[in-house]
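Quick one: the structure is below, and I'll ask about it shortly.
Here the chain labels run A, B, C and D in written order, and each chain numbers its own residues starting at 1.
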Amino acid sequence: MTKVLVWCENVQNKTQENVIAAYPEGMHNTLAGFLSADGGLSVTTATLDDPDCGVTDEKLAETDVVLWWGHVAHGQVPDAVVERLYGRVVTNGMGLIALHSSHFSKIFKRLMGTSCALAITKPGYGAEKLWTLLPGHPIARGIPNPVEIEAEETYNEYFDIPQPDELVFNAAFEGCGSFRAGAAYHRGRGKVFYFQPGHETYPVYRQKEVQEILLNAVYWAVGKARG
Amino acid sequence: MTKVLVWCENVQNKTQENVIAAYPEGMHNTLAGFLSADGGLSVTTATLDDPDCGVTDEKLAETDVVLWWGHVAHGQVPDAVVERLYGRVVTNGMGLIALHSSHFSKIFKRLMGTSCALAITKPGYGAEKLWTLLPGHPIARGIPNPVEIEAEETYNEYFDIPQPDELVFNAAFEGCGSFRAGAAYHRGRGKVFYFQPGHETYPVYRQKEVQEILLNAVYWAVGKARG
Amino acid sequence: MTKVLVWCENVQNKTQENVIAAYPEGMHNTLAGFLSADGGLSVTTATLDDPDCGVTDEKLAETDVVLWWGHVAHGQVPDAVVERLYGRVVTNGMGLIALHSSHFSKIFKRLMGTSCALAITKPGYGAEKLWTLLPGHPIARGIPNPVEIEAEETYNEYFDIPQPDELVFNAAFEGCGSFRAGAAYHRGRGKVFYFQPGHETYPVYRQKEVQEILLNAVYWAVGKARG
Amino acid sequence: MTKVLVWCENVQNKTQENVIAAYPEGMHNTLAGFLSADGGLSVTTATLDDPDCGVTDEKLAETDVVLWWGHVAHGQVPDAVVERLYGRVVTNGMGLIALHSSHFSKIFKRLMGTSCALAITKPGYGAEKLWTLLPGHPIARGIPNPVEIEAEETYNEYFDIPQPDELVFNAAFEGCGSFRAGAAYHRGRGKVFYFQPGHETYPVYRQKEVQEILLNAVYWAVGKARG
């Protein structure tokens, strides 16, 4: 069994109506739900509400991959938690999958060595197509090209990340926006994958293709094949 | 002086009205025109009409960079000419800049080792934005982000190229198309740059930003700085 | 079952005493032997002696990965065979593992787009250490760092290959020689791995660590995990 | 004029006899000496002895490239100085050249996002050969392949860095040690180059080829050509 920890900050989920509407059960539970349906994964969740963010040394010692979703509360994640995650990735080979606005999470910035800032030229939302650039990559296996997403927050380049070791997906948005939406990295003994879709007001994580990509990414991060 | 050879097949320019309208003087002369205006470049042209395509050993021995534009007549370029170009790049360090439909030229395919096929999901034309992914790259110097192009042929991924050593530009098109539009490679002692804009029915090579990118690319290919 | 085709030219094995001494059963049989011992692989062999090199469309249609070892007879492999292999890699996602002097095989050069020439500064043989640069890579899993090889032909840089997508191993040789010894590439839908050890007069393919690397590479090429 | 700041910690230079013997004038002055001899560079120096390490906002505002050499006193460089350097690289496009034991400097680790630890299998010193992997790269221009260094500290893989955007040099050491000795990165708008030679007890920075590499690297970092 591959042990997966789904971490969401779980802040807007409590008070913001359109977020509650998109993910009434809490986004961490949505993510854990479809991941758990895979027979090879053992999935737990944690949020900012847990002591030590639920990211203790004991917890990480029995975790193979972390999915991380943060947005308005990046600053509330203690530096000690960040260093703990960082050490597990670089030294112990744990996988880390940074989702959507987690491009700006402390742990992703720590692992990239750049600002990880991006541009939002026209704040807003629109249709997105997600294009596969590496059809032979394990994360792209079985994924249609393109994946069409009805509505997403429209991110834009310049996205200040190091050149990915493997740029698996590019996104294009209504209005000719462009974004490196699926970027894979080796970091020490571990693997890191950034994936852009997942704005909190659109139930993107309910879309089958997006779920398939995340399942692929979990298996890729631990170097296993999906059954 | 950096010696530049502009090569265009010069076929549609003779008979196709909308191509003649876009480039009445011939596209090779348009390209040579703005390149020549740069004091550091000595520019000549050649086409399919020239004996041996105008790409002889003698010519290449005094050439630092070749810009190559082909489309309907890739097959008419003799293999011997392709091997000559190839050898100059890999062994002698000549630069090669492949333009637009030259993604499918023999010389570009030879240097890439892949099919270099691309997708045109909806044959047609539309607005394009060209996004800079490496703001510190010499080819991106002084280029606005994005560059807006009023109308271009809408190419799409999957574009079957090796992962670029440096992905300098991504294009997004009306309708959420996406394309790796500026891709840089080391090949042996030489450098290769693929640049997507330049469909024959739109006078894209008259656009100032596009000209600046090509000038930057020429200097990058020979490892010199623009004056 | 993953279907593996081991191809060796099988030329020096017939007449050259020190090659016969190293691989009395024929190198293709040595390779097939330890690969077959893995329960997940179904392994066949072919050589230059087979009609059409044993590399027919029918054969490739049921092959997931090819291991290729050639040396003195690269030129005897028909171009049609090379194009057949090439198409299966780029279009159908077949894996290709090029061994030792196959750096100069037609198929490897075709897929790289460079000369693939290397330097042999002091023709001869010496001790080699093989160093892991990507400890989290599937091909490096379980491999000691370094792997010590008692005697090998001493290859040297400059090795004229494109920058690998993943440089998994570097070799250093007695006398301070250096060589990119384990280089992984995406090519279209397929994956390519070059691996330097395997000179015909040293029984390197009997060494446990080398066998483990090749087993890892086979599974990596098809995107599966070793059992 | 390109403005270069040479920063050395200048600690062992004061008390350790074999360091004083190698660089009686102080290593920062050795470096500044040969760099200043280039007509296009304006060179200043700073050390740990200067207030704020000599790395103030004012100083950096007029600096194009920093060469950084640290070893025993990494911890004495204040975090504020590190963030200042980091911001200038990522946001303003300043170049940073990290020398030898500066693989473990705060600023290099900050920019890499990995531990940057390396292995010293057999503590000691020996002959080194430095091999060019990208003969067309501006940093390799005019550099013999290999460069032979009589004696250096023998570093080894695994060197915990991200895969370089451009791996320009590999080192091999007596005893079959191997090390990625010249590694180039884009980081935001800036460029970073790590270069391994330069142990404090061997006067490596007096060697002509090493000086040429560093001059090339300075010009590469600012995107200019050497005159």
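Note that in this section a residue touches a chain if its C-beta (ideal position, glycine included) is under 8 Å from a C-beta of that chain, and two chains touch if they have at least 3 such contacts.
Quick caveat, the model's predicted, so the values are computed rather than measured.
K.L.:
Between subunit B and subunit C, two touching copies, which fits better, same or different residues at the interface, with half of the numbers shared as the threshold?
P.N.:
Counting shared over all numbers used gives more than one half: same.
K.L.:
So which one's got more C-beta contacts, C-D or B-D?
P.N.:
C-D
K.L.:
Hey, how far is the Cα centre of subunit B from the one of subunit D, in Å?
P.N.:
Comparing mean C-alpha positions, subunit D is 36 Å from subunit B.
K.L.:
Where in subunit C do residues touch two or more of the other chains?
P.N.:
Answer for subunit C, listing residues that touch two or more other chains: 134-135, 163, 165-166, 186, 188.
K.L.:
Using the touch rule from the top, collect the residues of subunit D that touch subunit A in their complex.
P.N.:
It comes out as residues 90-91, 110-115, 160, 162-163, 165, 185-188.
K.L.:
Help me check something: in the complex, which residues belonging to subunit B touch subunit A?
P.N.:
Of all residues in subunit B, those touching subunit A are 127-129, 131-135, 145-146, 156-159, 163, 166-167, 170-174, 176-178, 180.
K.L.:
Applying the document's contact rule, which stretches of subunit B touch subunit D when the two form their complex?
P.N.:
That would be residues 93, 134-138, 141, 165-166, 186, 188-191, 223-225 of subunit B.
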